[in-house]
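Structures for review follow.
You will see two complexes here that share chain A, one where it goes with chain B and one where it goes with chain C.
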Partner chain A sequence: MMKTTLPAGANTARFRGRRRRPGSLARDIKAYLFLAPTLVVLGIFVYFPIIESFRLSLNRVAPFGSAEIFVGFDNYTRLLGSSEFWNNVVVSLFFMVGTVPVGIAIAVAIALLLSYPVSRLSWLHRTLIFVPVVISSAVAGVLFRWLYNPVVGHINTWLGAVGIDGPEWLTSSNWALFAVTVAVVWRQLGFNVIIALAGLQQIDNSYYEAAKVDGAGVLARVRYITLPLLSPTLLFLVVINVIISFQAFGEIDILTMGGPGQSTENLVYSVFVDGFVGTRFRGLASAQAFLLAVIIVAFSFIQFRGFRKRVHYR
Partner chain B sequence: MKRLRLLLGLLLAFALVAAACGGDDDEATDEDTDTTAAEEVDAGEDDESTDADAEGDEDAAASGDAITLQFWHAMADDLGAVVDELVDGYNASQDEVVVEATFQGTYDDTYNALLASFEAGTAPNIVQNFDLAAQTMFDTGRLVPAHQLMEPGEADAFLAAPRDYYSDDEGMVALAFNSSTPIVYYNAEMFETAGLDAPPPDWNFSQFLETCEALEEANGLDTCVTFGQVGWYFEQILANSGGLYFNNDNGRTDRATEVVFNEGQGVEVFTFLTDLFVDGHAPNLGNTWSDTDSVFFAEEAAMIFDSTSGARGFQENADFEVKTAFIPHSDSSERNGVVIGGAALWLIDSDDDAVNAAAWDFMRYMTEADPQITWHTGTGYFPVLASLQESPTPELATFWDENPNFVTAIEQLATTNTANADGSPNYAVLGGRAGPFPEVRRIVTEAYSAVIDGGATPQQALDDAATQANQALADYNAFFE
Partner chain C sequence: MTIDAVDVLADDAAVVEVGQANEARPAGRRRLAGELSVQITLLIIGGIIAIPIVVAIFTSFTPLPEILADPNSIWSGNWTFDNYDTAWTATPFGRFMINSFIQTGIITLAQVLFSILAGYAFAMFEFRGRTFLFAFVLGSLMVPFELTFIPNFVLISNLGWANTYQGLTVPFLASAFGVFMLRQFFMTVPRDLYDAARIDGISDWGYLWKVMVPLSRGAIAALTIFSFLGAWNQYLWPLVITNEESMRTAQIGIRFFLANQERATDWGAIMAGATIVMLPTLLVFLFAQRQLVRGIAMSGLKG
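Right, the complex of A and B next:
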């Protein structure tokens, strides 16, 4: 936007001019002073850990202390050649496919319903929908763990009441990932609904009125007005949800601990297990964390590129 | 110019970082393991105000020459309350040393915190760490081994099993504090309904299964037993069947380089355990320490494998009478006994003899008779002192009469021989020792799923687990080549 409004070259010329002015050093120092708190926090908590974990990923680090053996890219080659790592990648992708489109679709549907205030109680509906968001993933995990318990859990008790022999939700590889997905979609739903609702409320009513006058039905209005005008919001939701799905941890830790076998072990959980559980293989964990970061960056890039032409910014 | 400004900016950033870190240091002093006696005194004085606020009666700290010790433990909830009670008892018993106990989370959390504290220079003086971490703790090189501080013969005060578990060639390295073994808790009323007597102490897998089927039939149960797919029961029943876990005599005569649980007894034991799930005798609750409880309490299963440390909890929370039995062994073996589980107290070297001596005094206190009785009766972890089992105090004798479930654990261990008939060590019940043992245990939990859910045979699953475990051993041992 900026580039097109300014004449070409104006930027650089202006800055050059300013730099030569006397007293600019003091002003720059002032600027750095203002930036310093942020830079320090980012440096300590973001940039240093990134550099350090890359360094660790090139080493084998002793589980009993800080001794290190430099192994070059051995951790990476080992990961890329191991079936466990690829299993974890596949789990992450399946999990993303399971949570993102379904989660957003449900959220948009609910937001559409909520956007038509049917009664004075719409604030209550909105609050109820949003509540799961403020529940921590740990608490949500424990709740679902109870629901899913095959012997004393509610779900299988109810299924049994109608004559269905419920599966072992968390300990059968056919169902575990699905069960975790449901828990995550549920907890993420409120956030998605609120964002979608905010997006819907941005859409001017006059479009709908015009469409109505032209004889468009409800579905046509959703298809030709709501969705296109909601597309920036949808892009935001997709990007955020993809990142969240890749980083899903709490529910997995509490519901399945990555099991049965490794059927719900996504990349983040694998990083945790290798880095912090039992015997700590920090080099290997760091290498996985790095590969995970590469994957997330790649996905975000693809999404922005892919959506650029489809997103309708007003 | 541009470079200068960049430099200035960086300098500023560094100055701020340094300032921030400096602030940290000041605060950390209280919790620090100080390297000189003088600093230790300072720390004691600093703590005075907080102690006085918290407890109001710490004369020791007020005198200004008390040594303040940091003690990290991993006992949550009710167990943690008993730890605090013991620590308060120690602080009140003398005025030279003040111990500050900090709950650090699970054993894993505590261990991670310990390693981080080595790098940050804030290591505690005493840390509680669990059985499987023994080799890793040795390898930190930051310990003062207990045998260096013990009087000759002092180690003989301990029961043989916890003494030998935490010993190296030269003697005890850590002091066993909370020791436990797995036992079978059962619903006595369901046994009665099925017309069954108490299981014999040396019951084998076939007898276990007969009992199981009788219980299911008489009580209309789907499942007779419940236990989590954790590595511990496999390790223990393997030891009870005389099988080894690692090579090099379970890693006790030299560093373990390979696991051996995928041959002989290991396969028989693992087949038994996984068949219980495959044949529907146990509900498949996955890798859990706690979900099994609700199944047992809801009377959906008549038996449960769990730690002796849960004795009090089971007894108090069940609506039915709970009794206890020994764990079974394989058909092709004689009962061999169990490996000590639980955790021990480790002395972290503070480079100051006076501080180390104070820490040692506290550790000795925690393993003395009275604290061990409080600990045992409050939890179910059994007393680690031989004298308490040979001649229990009247208080303890009464407690055991009233709580026979606490005795099962002790008898199961007392009838375990840490030496064979010919005097050679019984390595199976001494327990495996290897640096990456926690990792190996995790791999075994996945072997359960490979059989129950993935349809592999127990042999295949164990072979696969062995390959992964051997890789972990090789990675660890590479630091000692």
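Right, the complex of A and C next:
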């Protein structure tokens, strides 16, 4: 367009501003009506509870009933001074370390294999590998509880067949956390492979062709092309998996209920126990929930900052 | 993630080979051997991943005495429906399943409907506060459920909705992810179509249901599947908001089956229960894998 049309452009801006006015109130109201159900539900059941949760965390709530006494930050100081709380923090961190790197590494390796050959068997590979994605945490817990059964479970039966005396997976404080971690990684695997595969398939083939011309082998191509170009996807996977690892609940509830002792009791499970099991401490539970949320948000933030330098953006 | 890439992913026939497409094929045997080894590796990996599900299904059809004598007897092919009979009669499993279907049905229907409405408003309308309200919707995705479920429990209990379908469903009637996904999709529909329809005298409402929704069948199907799975697989909320047996969902029913001392060693019946609970999701997976994979690849959602 020619320079002479510039004033007309300026007019358009003003025109646009004016065009909104006739009937704009009706237009606004119509939009709000379309949005109302979503906004109301999110407002009442997502945003309001944030404030309410913080308020509860500043109160001591009667175990049976709803009487509340304002105690300031008492719940928080009690938590920070309690070894149980720090145990739960450590368990949550172990979960993160145990599930995130392993889960993502396995998923990326599988995605690389899946993206290589196209064959009549592809649908079968995908079906078998993706299937955990539709399994609930409760069912995953039940399936693994059977496999882990020390006497008649398949894992120990198979280990016994090769002469290994399998441990009592779920009741030994050495193995319980590992056992739960495996179940969590398993259920998350389908999701991670799908995301990794989607990321791989966005990488333009011309990069690989150029590298091949330069004589790069398969491993070199993975190292110098696939992984750097996959880094936005990897960042996404890390953040999501960290959040999910902190939220592991169903498998723990079914497999160990936080035990033996408190060896598999992460923060979420502790919130549940304090808030809903036996003598209830809703104020204390809310304070833990609040700290957990702060940790989750902080972790996502730190990872974004830390990774950003190394992420290759296309 | 672009929808194109996701489509490619979901379409087996159009899979792009990483670093392999258009490549001159090194002749004969070496390539064949390489492909074969990848195929076999994948089959082994797939087999390992599927073990927990396959073992559960086989166990559910094996007589209990044989299971307890030797777990490997599940491969012997001596099948029975006894475990299903036990699971169905010893616990109100039918009731649990009906509860799950009602709860899931309400949540799925509402999430899809409300997401269509809100996604349409964000995609098509100019109105005051649009940017803020969109951030309001997306921001809700960052709030962890652990932070909200105690206050929600208190609120729902005070309303007298514990042990009711309202209590099970109302907090989940909206889906921020659904709104975002459909808004993105609606924005790809050419604006000219809307202008033309308006000139023809079609209302916003009519355009939404007669043009937009039919054009967006794929995206809406993906969201429906996603909402269905999310609702069906819910655990923490139904666990805390129901304590009457008659209102438990199937996921919670199976937990209490395990907790029941008399039944806790009846692994045949427990596996039958687990199989029944996962059956609807497995069917969705088998028959709508394409839409499901597309939905996940576009998500960024908590599992």
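Just so we're on the same page, the second predicted complex is superposed on the first by the 275 of 314 C-alpha atoms of A that agree within 3 Å, B and C clash if a C-alpha of one lies under 4 Å from a C-alpha of the other, contacts with A are read in each partner's own complex, and residues count from 1 in each chain.
As a working rule, a contact is a pair of C-beta atoms (placed from the backbone, for glycine too) under 8 Å apart; a residue touches a chain by one contact, two chains touch by 3 or more.
Computed from a predicted structure; not experimentally measured.
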Key: chain C versus chain B on the shared chain A, clash or fit after superposition   = clash
Key: Touched chain A residues, chain B compared with chain C   = C
Inquiry  = Applying the document's definition of touch, where does A:Thr171 land relative to chain B and chain C: first, second, both, or neither?
reply    = first
Ask   = Looking at the overlay, does A:Val152 come into contact with chain B only (first), chain C only (second), both, or neither?
value = both
Message = Is A:Phe276 touching anything from chain B or chain C once the two structures are fitted on A? First, second, both or neither.
response = both
Task = Applying the touch criterion given at the start, work out whether A:Thr256 contacts chain B, chain C, both or neither, answering first, second, both or neither.
result = first
Request  = Pick one for A:Ala210: touches chain B only (first), chain C only (second), both, or neither.
outcome  = neither
Key: Touched partner set for A:Pro49, first chain B, second chain C, both or neither   = second
Message = Which partner chains sit in contact with A:Ala67 here, chain B, chain C, both or neither? Use first/second/both/neither.
response = first
Request  = Applying the touch criterion given at the start, work out whether A:Asp28 contacts chain B, chain C, both or neither, answering first, second, both or neither.
outcome  = both
Message = With both complexes overlaid on chain A, does A:Leu39 touch chain B (first), chain C (second), both or neither?
response = both
Request  = After superposing the two complexes, find the one stretch in chain B that runs into chain C, choosing from 114-122, 132-140, 240-248 or 438-446.
outcome  = 114-122
Remark   = Contacts of chain A common to chain B and chain C in the A-superposed view 28, 32, 35, 37, 39-40, 44, 66, 145, 149, 152, 276
Note = The residues of chain A that touch chain C in their complex are 20, 24, 27-28, 30-32, 34-35, 37-42, 44-50, 52-53, 56, 66, 110, 112-119, 121-140, 142-147, 149, 152-154, 157, 186-189, 191, 194-195, 197-203, 205, 208-209, 211-212, 218, 221, 225-226, 236, 240, 243-244, 246-247, 249-250, 253-254, 267-268, 271-272, 275-276, 282, 285-286, 289-290, 292-293, 296-297, 300
Key: Touching residues on chain C, where the partner in the complex is chain A   = 1-2, 5-6, 8-9, 12, 15-23, 35, 38-39, 41-43, 45-47, 49-53, 55-56, 59, 67-68, 70-72, 110, 113-115, 117-118, 120-122, 125-128, 130, 133, 136-137, 140, 142-155, 170-174, 176, 179, 204, 229, 232-236, 239-240, 251-252, 254-255, 258, 267, 270-271, 273-274, 277-278, 281-282, 284-286, 289, 292-293, 296-297, 300, 302-303
Contact footprint of chain B on chain A as seen in their complex = 19, 25, 28-29, 32-33, 35-37, 39-40, 43-44, 60, 62-67, 69, 145, 149-152, 168, 170-173, 256-257, 259-263, 273, 276-281
Remark   = Within the complex, chain A is touched by chain B residues 1, 4-5, 8-9, 12-13, 16-17, 20, 108, 112, 115, 118-119, 132, 136-137, 139-142, 223, 283-287, 291, 294-295, 298, 300, 435-439, 441-442, 445-446, 448-450, 452-454, 472, 475-476, 478-479
